[in-house]
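Letters A, B, C, D, E and F name the chains as they come in the text, with residue numbers starting at 1 for each one.
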Amino acid sequence: MNSPDFVPADEVLSGETADVYFAHTIEILRREGINPVATMEVFPSRAGILCGMEEVKALLARVLPKDRRDVWALSDGDVIDRKEVVLRITAPYQSYGLYETAIVGILAHCSGWATAARQCVDAAHGIPIVSFGARHVHPSVAGTMDYSAMVGGCAGCSSVAGARMAGIQPSGTMPHALILIMGDTVAATEAFDRHMPPDVPRISLVDTFKDEAEESLRVAEALGNRLNSVRLDTPGERGRVTADLVREVRARLNLAGFRHVGIFVSGGIDPERINYFLENHAPVDGFGVGSYISGARPIDFTADLHEVDTRPVAKRGRTPGITPNPRLNRIL
Amino acid sequence: MNSPDFVPADEVLSGETADVYFAHTIEILRREGINPVATMEVFPSRAGILCGMEEVKALLARVLPKDRRDVWALSDGDVIDRKEVVLRITAPYQSYGLYETAIVGILAHCSGWATAARQCVDAAHGIPIVSFGARHVHPSVAGTMDYSAMVGGCAGCSSVAGARMAGIQPSGTMPHALILIMGDTVAATEAFDRHMPPDVPRISLVDTFKDEAEESLRVAEALGNRLNSVRLDTPGERGRVTADLVREVRARLNLAGFRHVGIFVSGGIDPERINYFLENHAPVDGFGVGSYISGARPIDFTADLHEVDTRPVAKRGRTPGITPNPRLNRIL
Amino acid sequence: MNSPDFVPADEVLSGETADVYFAHTIEILRREGINPVATMEVFPSRAGILCGMEEVKALLARVLPKDRRDVWALSDGDVIDRKEVVLRITAPYQSYGLYETAIVGILAHCSGWATAARQCVDAAHGIPIVSFGARHVHPSVAGTMDYSAMVGGCAGCSSVAGARMAGIQPSGTMPHALILIMGDTVAATEAFDRHMPPDVPRISLVDTFKDEAEESLRVAEALGNRLNSVRLDTPGERGRVTADLVREVRARLNLAGFRHVGIFVSGGIDPERINYFLENHAPVDGFGVGSYISGARPIDFTADLHEVDTRPVAKRGRTPGITPNPRLNRIL
Amino acid sequence: MNSPDFVPADEVLSGETADVYFAHTIEILRREGINPVATMEVFPSRAGILCGMEEVKALLARVLPKDRRDVWALSDGDVIDRKEVVLRITAPYQSYGLYETAIVGILAHCSGWATAARQCVDAAHGIPIVSFGARHVHPSVAGTMDYSAMVGGCAGCSSVAGARMAGIQPSGTMPHALILIMGDTVAATEAFDRHMPPDVPRISLVDTFKDEAEESLRVAEALGNRLNSVRLDTPGERGRVTADLVREVRARLNLAGFRHVGIFVSGGIDPERINYFLENHAPVDGFGVGSYISGARPIDFTADLHEVDTRPVAKRGRTPGITPNPRLNRIL
Amino acid sequence: MNSPDFVPADEVLSGETADVYFAHTIEILRREGINPVATMEVFPSRAGILCGMEEVKALLARVLPKDRRDVWALSDGDVIDRKEVVLRITAPYQSYGLYETAIVGILAHCSGWATAARQCVDAAHGIPIVSFGARHVHPSVAGTMDYSAMVGGCAGCSSVAGARMAGIQPSGTMPHALILIMGDTVAATEAFDRHMPPDVPRISLVDTFKDEAEESLRVAEALGNRLNSVRLDTPGERGRVTADLVREVRARLNLAGFRHVGIFVSGGIDPERINYFLENHAPVDGFGVGSYISGARPIDFTADLHEVDTRPVAKRGRTPGITPNPRLNRIL
Amino acid sequence: MNSPDFVPADEVLSGETADVYFAHTIEILRREGINPVATMEVFPSRAGILCGMEEVKALLARVLPKDRRDVWALSDGDVIDRKEVVLRITAPYQSYGLYETAIVGILAHCSGWATAARQCVDAAHGIPIVSFGARHVHPSVAGTMDYSAMVGGCAGCSSVAGARMAGIQPSGTMPHALILIMGDTVAATEAFDRHMPPDVPRISLVDTFKDEAEESLRVAEALGNRLNSVRLDTPGERGRVTADLVREVRARLNLAGFRHVGIFVSGGIDPERINYFLENHAPVDGFGVGSYISGARPIDFTADLHEVDTRPVAKRGRTPGITPNPRLNRIL
């Protein structure tokens, strides 16, 4: 997986997306003629997986004066601890004060997604996780969300934008809509097979019209060796996908000679549910995870000034001066 | 509060932000020469406040054929029920199938924010709520988040972008950074007062260096009638803002003749905390709410085909045919 | 519903089924020449529905001396309270002491079953309950169990013996075995229709091979107006019968013009589950209840002597003398 | 302990105790001329102690054709696991289909009793348990219940019928009724001693009239070495038997030189209560257990067809074909 | 009930019982020549019944200068609220500063006892409560504890000192020791009856040697009309006194014609237990309460300066100036 | 720490503080001429730390006949178990029967305090605990309470009386009252420093007027090396003392070069709170504990006669005769 070339958006650079009081602050300091070299430290409110630092770095590289900057940070994908300093910026305050909102916002949202993804990945003990949650977030962040999920350890994602950011092919099966329009799962799967390039895996969604086990056998008979997997996505109204269903479909596929056909499970998947499938020995070959990752709460980050013109400072409740963290590397 | 003119983004229109399987589906249907008039219904997984429909409408107005479309919906700000149909699109499927991800994504994220905002507004029984959470989301959605919070009932927001969308002035006080750089709360407040236009309210943040009650009296004495409010934001390390603190600051301000100075409270505010202040008779004049709103979980929305060429259809677990909802209005 | 003519079994009359210490007691009293007129009162350890009294009465009528007996009791089907006296026997002790085990055993087991049945009936608010639990009890009590369930309010039962005791026709649909042997649900239902007398309702079990909704439509099309109901019995491995499934099958049957076909639900049904279906507006036409009724814990009954030769007595912990209960009627 | 010669009851053989739909099924198959060799597997819904298999074997031996039967099973007293196959019948379906209700009913009820008994036996760590629960079940199953309790590990039982099935002497002390009629515990105990054969142990019930410790000393003084034990059965109204009471009675008996007199405890005994006595070092010599064993819930058993004429079959939710279980032995 | 003439102890007046830092404070102020008129307010940390104010008043009357004092307070027995001001002293600080420890200590301990007593009295709905807890506190406060219990509403107490303070006769029955020494409850009760003055009620303790019901009848027969009550005090080892036991003893006494004999219950009595007896309709004529009252946690009181030489002051967390409370009355 | 010379109080010796029924008992026995040598055993209702035995010993030494006494006991400070015999008195009953109330009352109250103190000491893992709770108990027991706290392991106490009993100097800092009267924390601390002898440690209370961290630096600058510690006592209205506050004050003191200044914490301290500070690595140098120790529930003790004139006796529920306890030592 690659990291994309992040380009700061115009509305970030202009302060449009910032809290207005930072614009006020810069204005006041400018008028007062005050522009100290200030050190700001950023830390999270809870432990997790860091993500968004590459994007933050691209922003800082653009705004900080090249000869008066000193930036230390951890990296995307790092495990971070509660209250651990993950970023330390030393530079003239007027050059970066306006971007505090964007910096902590990027880290908060991306780390929230990456952390949730990692929880699923850890629970799955090696079974691949694909991020399917683009449908639960605003399209402006769909790609970033999927990219963060992959930073957290997902094997793939469904959005084109997210996959492009990570430099991989997007993953997908087929929607219920295609099957409902075609009127039959086998017909839809055959049409898929007819028109899609050979490198797109044939994964048939088998819960639209008929019993999942019956439909699995029908599509397997129709596509034979070209069928990669079946996807079980039984809705809650029908009792969701159970471990017993996975075991039964596996047994019936095997009995009919289709051992090569994988079983992909989706629908309300989260670490607890993944754990349930593993504990009940369900032979799952892949999980699609939606809102557990994409709807994850951001991890709040706090940015504090700890030095002003080399003088240790801190607001009440914090300790003045630099907070040591030997894990930090200089990035700018 | 106005609603802005939403303009669909290029990467939404191109399908870049969509799940890849919708691109596959449109491709397959095109090659098979299938393009039925299909009716898609959209409903939420839990109750809340609807938001994002104006933005969805702008997208549909752009992509649906003007003479073959029939779209019914509820409005932004409406209270919606679990599983209630909030949007029904009837049009040739190829014209909109690619946008399912964006449509439910917009509604999910925006309704999640609006719903959380409404919970705070309801808890506050008339005390104004200001959205302060831009710092917990990616800057690409900071404006949309604040706009959704105002759809949910907030009286203001801190991001410039969100305020612009709602057609109001952004709200803000001053950051700890300004005070730490200036070295004294009174000095910082006086500088703010010197340089800010008269229509920006003077709200002084009083927990940076000294005891909040002591500092409140100091800034009140310095600015006199020009001081609008003090903001209490005591960090968790110092026991957070308590109802007793608000009462005490109120009493000490009153004793010194500063009855006109309001008290604005922020820091970990959520409905439970708002309720705590009200139950303990704390004379709060405004609440700043951050991650409770901006970090709210999206409300998952589901999009289902219910008719294909006037034929009732549905996947297993759903009921074929149109789901009646007399609350819907035709929007396109 | 009738009450059968109970005939005391030989092994009850001989004391074979009694606790051995009652045989010892009668032997000792006989050798000591002691045979006082003693009053025994019987009460339950918890509230419920009384059942078994008719059978007890038949036993007492057989063993008590006709001229020296005085027996008062409540009736089968009566609501009884914790510690309420439900039976009071006054007669020479040697005539009935041996039967204490049988008397309280009959009341305990039958009242346990009737009480559980009543809980289901109450929960169902008028939807008929059929007792299906013969398969969870020893065949020696299968009929008595089903009879007790009907005393408790069930509309029918599946065992031939229970139905005979209550003077009704036994209820039944078809087992999975028939369908598995015939290889197809429609074929099995048609065979049933071919060979069963017209007064046996055609109720087809629709979860054996295919999706329940699909199979319901297939059997409805095959039998048309002759089809009485479908039975949903989805196993736990497939997520049990859900309220949504019932609603969906109802909708699909209606859409296809089969409004006359009822829906009968079984599988792990208990009052909580019945309540779930009602609260979720599932249009159920009948419930089959198994082990909740047939596996119900007996209600312990206690038998205490309260008078011996007109002298009030009681063991420690009880009050000497007759316990007044105006609800009792003389039965012998 | 022996196993009795079980003789199938006429009403079982006639199908009188069966669910009526099995009679229907046999009738339909006969008319259709269908009688495949079918394999039925039986498994429990939860773990426990198997009981009833001897009785089931007697039934199958009677009804299956001797030259076309193949029956494998576990044995009475075996520890069985949830969903473990305990019985596999291969034979022409018409020969045994009618008996499914009886087969699973016998196993359910008997295994429920044996399992509860085993829980008490395990809790008691070697202190003998006597089944005293005949008074909580219908007399038709009183003997079978006590027999099952002994299969589960009880050292004795109170019903004559149960003891006869197990080939032992029934156990018993004396009822409160004897003492109330005689008017004094010592008088009753002396009468018992006068008239009972020497091999019946003298166990005096000491809580009827006086303080248990005082009464224990009185009967010990009256019978001397002939007294086997005292039984403590203090009712709930008087605080039940406590561990302290047992210890105190033991101490007072020892102090008076009656170390040979045992202490037998009854009244609401279950594994939790047994554990309480052991944890509190109460010197109990035997426990009488009533409704915990006799009122135990049956263990539901399920019977599934897995092969029809050598073809693997299964209803939805189950796996087609024979389920391997190396623990099974051929019994017919 | 009277209030005694409290006389301040020498070691209180000398500061011996005070926190040493108050002695330091007085010393420092004296050396600095500072002795402002200061107003101290005292409030409790939780709601309850006020007690100890009479004793505090006696102390203040002794130490405050008669012409420069102004003391307002609530009264012993008053219901007080959390944080309600119960005492306000205005006087030269040096005259009373040393006594803060004693003032709040007296109120804390006494109010704790009175509050617990009131909870029992409220629970008993008119049945008299007698304080029996002298044995759980140091003898230096036994009288004060019992006096406080009576301020809280008890009808009597067992300690001579407490009764003397309240101006009543102490209450008592007889100890187990007397009965154990005399060897028989009837003998002990007869000796009591022989030697005690006629105005001491004959209350016999009936659980020492024999069953309580049996012993109650024995003492009632021995003393006849002279017997006032029996006391049930069954120890935990014997299952404590139960509501059923009280009902049974009542029934057996009535059956024998001793309706005039009351039933007094003791042993682990607290409001929950009192409620249990009342809910179960136990005919109790009096409760003896021990450690629930005497072992009650003190109610912490806080003393704060609110004015110094007419200037409103307060430490952080409190509001400067007099706290209005219209319920206060001037006491000095 | 020493043990003081306890002198029995007159009102204890006269029976004034006793339960009246003991006076009655002695009177009756005297009139009956009964005075057996009786053995009384005393045991606690729960485990803890024994305290009060020295005081009990002084009482017994005074009242028991020197030539007919035999007293065995455990010692103050010993860990004792539930129901363990801690005191056994053998002497003529008339000589000590009157003092049962005082004996068990002294042990109950003192052991309750010592046990609570030990819990704090154990939680603090070596950080000194000072007893500050005199203000929550009646002054008659303030000294005894503090003495018991020191028997439990406290390093000091605030009451003069308690310190005198233990033979140490009382501990104390300064009250809020001194600072409120002086009007400034630094001024008050300087006055303290001026007038107190050099051996009284200078501990400044820093939460009265200003932020604790700010005030700590101010007093440290004022007193320099003479400052021993600061005391943090932040009230609940201001969020109590937090671990973060302690860490911050430590950091700010160190940054300013005041590493020699200790931090003493008080306000609602109990074992759970101590544990919280330790788990969160707060560098606390001492804890002041108030009502957790002084308001601790007494440990109920029970006194039972076990022999009367060498004959084993016991009331129901207890075992007759001497209870062996090899840990006892003869004390009289």
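We take it that a residue touches a chain if its C-beta (ideal position, glycine included) is under 8 Å from a C-beta of that chain, and two chains touch if they have at least 3 such contacts.
Keep in mind it's a predicted model, so treat the numbers as computed, not measured.
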item	value
Interface residue overlap between copies chain A and chain B, same or different (over half shared)	same
Inter-chain centre distance, chain C versus chain E - centres from mean C-alpha coordinates, in Å	58
Whole-Å gap between the CA centroids of chain C and chain D	22
Where chain A touches two or more other chains at once, by residue number	209-211, 234, 236-238, 244-245, 248, 316-318
Graph class of chain-chain contacts, one of line, ring, star, complete, other	other
Touching pairs - complete list by chain label	A-B, A-C, A-D, A-F, B-C, B-E, B-F, C-D, C-E, D-E, D-F, E-F
Chain D - residues contacting chain E, complex	209-211, 214, 234, 236-240, 242, 244-245, 248
Chain A residues within the chain D interface of the complex	211, 213, 244-245, 247-248, 251-252, 255
Touching residues (chain side chain B, partner chain C) in the complex	312, 316-321
Touching residues (chain side chain C, partner chain D) in the complex	9, 11-12, 15-25, 27-29, 31-32, 34, 36, 38, 40, 52, 93, 97, 100-102, 104-106, 108-110, 112, 132, 134-144, 158-161, 163-164, 170-183, 191-192, 194-196, 200, 207-210, 234-238, 290-291, 294-295, 297-298, 300-301, 304-305, 308, 313-318
